[in-house]
Amino acid sequence: MEAVRSATRTPVSVLGATGYTGVELLRILAHHPAVELVHLSSEQYRGRLASEVYPFLSGIVDETLGAPEPDAAAAGELIFLALPHGAAASLARDLLRRGRRVIDLSPDFRLRDAAVHTRWYGDHGAPELLSEAVYGVPELYRDRLRRARLVANPGCYPTAALLGLAPLARAGLLSAPVVIVFVPHLLPVSRGILTTMYVRVPGGEPPLDSLFEQAYSREPFIVLRGAGPPPELREVRGTNRCAIGWRWDEATQHAIVVTAIDNLGKGAAGQAVQCLNVLLGLPETTGLEAPALVP
Amino acid sequence: MEAVRSATRTPVSVLGATGYTGVELLRILAHHPAVELVHLSSEQYRGRLASEVYPFLSGIVDETLGAPEPDAAAAGELIFLALPHGAAASLARDLLRRGRRVIDLSPDFRLRDAAVHTRWYGDHGAPELLSEAVYGVPELYRDRLRRARLVANPGCYPTAALLGLAPLARAGLLSAPVVIVFVPHLLPVSRGILTTMYVRVPGGEPPLDSLFEQAYSREPFIVLRGAGPPPELREVRGTNRCAIGWRWDEATQHAIVVTAIDNLGKGAAGQAVQCLNVLLGLPETTGLEAPALVP
Amino acid sequence: MEAVRSATRTPVSVLGATGYTGVELLRILAHHPAVELVHLSSEQYRGRLASEVYPFLSGIVDETLGAPEPDAAAAGELIFLALPHGAAASLARDLLRRGRRVIDLSPDFRLRDAAVHTRWYGDHGAPELLSEAVYGVPELYRDRLRRARLVANPGCYPTAALLGLAPLARAGLLSAPVVIVFVPHLLPVSRGILTTMYVRVPGGEPPLDSLFEQAYSREPFIVLRGAGPPPELREVRGTNRCAIGWRWDEATQHAIVVTAIDNLGKGAAGQAVQCLNVLLGLPETTGLEAPALVP
Amino acid sequence: MEAVRSATRTPVSVLGATGYTGVELLRILAHHPAVELVHLSSEQYRGRLASEVYPFLSGIVDETLGAPEPDAAAAGELIFLALPHGAAASLARDLLRRGRRVIDLSPDFRLRDAAVHTRWYGDHGAPELLSEAVYGVPELYRDRLRRARLVANPGCYPTAALLGLAPLARAGLLSAPVVIVFVPHLLPVSRGILTTMYVRVPGGEPPLDSLFEQAYSREPFIVLRGAGPPPELREVRGTNRCAIGWRWDEATQHAIVVTAIDNLGKGAAGQAVQCLNVLLGLPETTGLEAPALVP
């Protein structure tokens, strides 16, 4: 962080900067060439230095952590909310009224129907904004994101599943209504989600290669494996990438799709920064170029 | 290993003692109270001490590694073959002729049909023995194993799948022919296989709890989780256990079964020692009681 | 655990059974052939099953966790105290009065001088017992341990250092007063302490090989490496072993000693069970034979 | 890599691009804003794509691997040699004659005395260059590096030790001759070297804080901890940083210094890229800004 604000950098705030997702935002934004961190908040560590709480940030993010208050947060033109659900809604409303743009990483704006939101999370603090929020997956909603004031970032599981299934859905291969069988497996790894999807396609083998290539061949963060080396967690660890493999299983008439993402990267903070790049009209890879840390 | 053979211990040989599976056999057998290691072989390290090749075996298995030859191997009444495929067939024939019993951990005796074996692995060295070999899963073939001269131990993937699917198969819930979609995922863990099976059951929800309880409630190595805490790799690491979870997915009319095993334990050497216990008429948990190493 | 108490098994209690050290005691004692767990306590999880708190103990330790009270604890003839410091002193006094024997894994009885104890930990709850407690390192105090009523188990750091330095101290090579430079290094490993000791020996090269061999050649848990393969954490992980390497550095006139132990094994619960074996007159390796879990 | 060479980027070659160090060079250089990879070589994988050998490099380094020959390598103005010892010397001579600059990561140019080199490594292929090579530690030899044609990069152990000891040496606290006790410890971690140095200082406590601050307070890659949180491997993993802690031990009259580096980063490829930045007159942090990957 620099003492004097650069003319060419967009001031950015991060509320909830010391949680898992918040720290990953700091890790990425600290060296993003087009943004400047101007306000960081932490309920738990208020008043301490970010680099005191996380020594690996020494010399990288040394700013003092403040309170998650709109007055201070509004120093940013764009504000990331990495807060628990329920805490983002009214803060977002306040910040939008001040002319700021908000990227929310909580569940607060993910559901478009207030009644459904209420059933799962309780009453919503700013229901009038639900219809305006744009779902933060650039590969699917890039055009709407360019002009968005409010971005609702998906969680890591939906990101992993959506990116694998979208090409099939566009081709009409997912019969309505889609039913999801969700079987999470807890593994002793520090980063990474591997998702496998089995899609029964009654009409016979679809042109999977061309469906995925049409959808993603120009996407900088999607790595298409097809029948090549299977997606592995280590190739996406520390990145904003999503590696996708697929094959057709003739015996069962199923398309099998495997995706690998870093849950903190493309599953959270990385994708949020990709959205920031879209909002600011920057190349989407800005600040997100680092290859995976292998080994 | 003791210099003087105990009257009550069965002499046992391990051929291929320095491969992954062989070392795990040594690790388990070294303190098995009813066996005595009398001959170990290693093509690669012949003439060296086992504990020189693997220092963690110092003071535990200090014997010199010999050649994989039937004369020396026949010092054991029971011989484990942990050799590459193709190497076991003729050795097994020779040892059976000498009145020995053999537990083979290679693929050589897993397929009953010599023609099928030839298609996958090439000509078989002792095809007349294929029909005699008993598949080494005590939970499924305990009675036949008691009198077996030749045991064909399954690999880790089939073990993981069979134990999860057998209760459904017995209830007639797997429609013939069963088609398997096999999607291995490479994970950065040193031990452990997590297997998920999706079985479509057209007739509605089957009594999964009672099917699994009937099949396994008296099995010492099967941990039934049902809808409880999901099977995790760390609870089976270093053990001969198989943890099984299941649930019914009403929307898709699928039974979902998850199994967790240690690929070197219940998936290989542990199960082979469990078979030895069956062959020798010992309690099946003999030498296999150690809990998982947590953390 | 068995419902009916075996005639040949010593009843044992573990107070503080769900902490790191307590769980490791359960892991080891569950299959110790000469003891029976009769009372387990946990302040935090009182009333729940041990195997509910730690699913890997399913079918291994299924008993209900009770309160850390002397009446219940006295069901054991020997009681392990795996409690925070300060909680053990008065409990130990009460249990000794009832004729029980106590192995304490807290710091409460490690210091012989009540004044020193008070300076570090505050007032002592049973100072009259300090002089009676025997330090729980069988390799150094085996004779006194045989008749001990109260054992004060050392922590993992002193164990690692003592076992490496004792042979040099016995030979008079540690000049008085000994000064210790303690430099802990935090490493991302789940078990294991590697300790390096540099001892300046002014008089020239001492006969290190014979000093270590004299001290430890008959010790079942000490693995002497000398100038052989260096001690590694993986060879002691999950065991009660201490691997020791050493060499003489002519240029600096230093003896360099490296020890590797599992902090939960020889550094805590394993050594406490070794002490139990000494107290009960059993072979010291009873229940502690399992080799390291490699890989 | 870009098809059209940018006017502002320096063309760079990497010989030995698929070894541990070479791959780390690719990982860093792929997004270095001031260089362009123009030739990569691999004896083993010649003719294949770098991203085929290492899938995590897909879309990042897709170039074909060639032979380690000077004609092709000379396409770079600056050439990294990440080759086994003995292979660099004559290649370096040839490339220097063509007016190129060379950063050698092998031991070939580390020793200034040809006779000493011969004793350890055999005859040297270009002994006349030994006196010209500059040791590649910018913190110590920055001025000479700026004009260097040939850089001899140190290995990871010397780097870790030198950075910890240099401030004491400059203050005359290391009595001549310095004797080094080298005790490597093998740990199950994928990256990272933790080095502890004990320096006896006869004259009493030196001003350690000010010595280290004088030496390093303006160094962008040195993190000074002093008596603060101790250096940890995870804070340097994936970076070019060296974290240094120190304290004075009054009882033994020793200064104790601990350094943490990533053996592939500051211990090899990261430091080599830092040297490149010095040679090219760039800010030294160029391309090396990425924070550690935590968690």
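A few notes on this one:
All chains are identified by letter, namely A, B, C and D, in their written order; residue positions are counted from 1 within each chain.
What we mean here is this: contacts are C-beta pairs under 8 Å (C-beta built on N, C-alpha and C of every residue); 3 or more make two chains touch, one makes a residue touch a chain.
Remember, it's a predicted structure, so these values are computed and weren't measured experimentally.
Shared contacts of chain C and chain D, meaning chains that touch the two of them, come down to nothing at all. Contact tally for A-B versus B-C: the pair with more C-beta pairs in contact is B-C. Among the other chains, the CA centroid farthest from that of chain B is the one of D.
Note: centroid distance chain A to chain C, computed from Cα atoms, is 48 Å. One inter-chain figure worth recording: chain B and chain C are separated by 35 Å, centre to centre, where each centre is the mean of the chain's CA atoms.
Between the CA-based centres of chain A and chain B the separation comes to 43 Å, rounded to the whole angstrom. In chain D, the positions touching at least two other chains are 232, 234. Contacting chain pairs (ordered by label): A-B, A-D, B-C, C-D.
By the touch criterion given at the top, residues 20, 23, 27, 30-31, 54-60, 190-191, 220, 223, 225, 228-229, 232, 234-238, 289-295 of chain B touch chain C in their complex.
Of all residues in chain D, only 179-181, 183-189, 194, 196, 198, 230, 232-234, 249, 251-252, 254, 256, 258 touch chain C in the complex they form.
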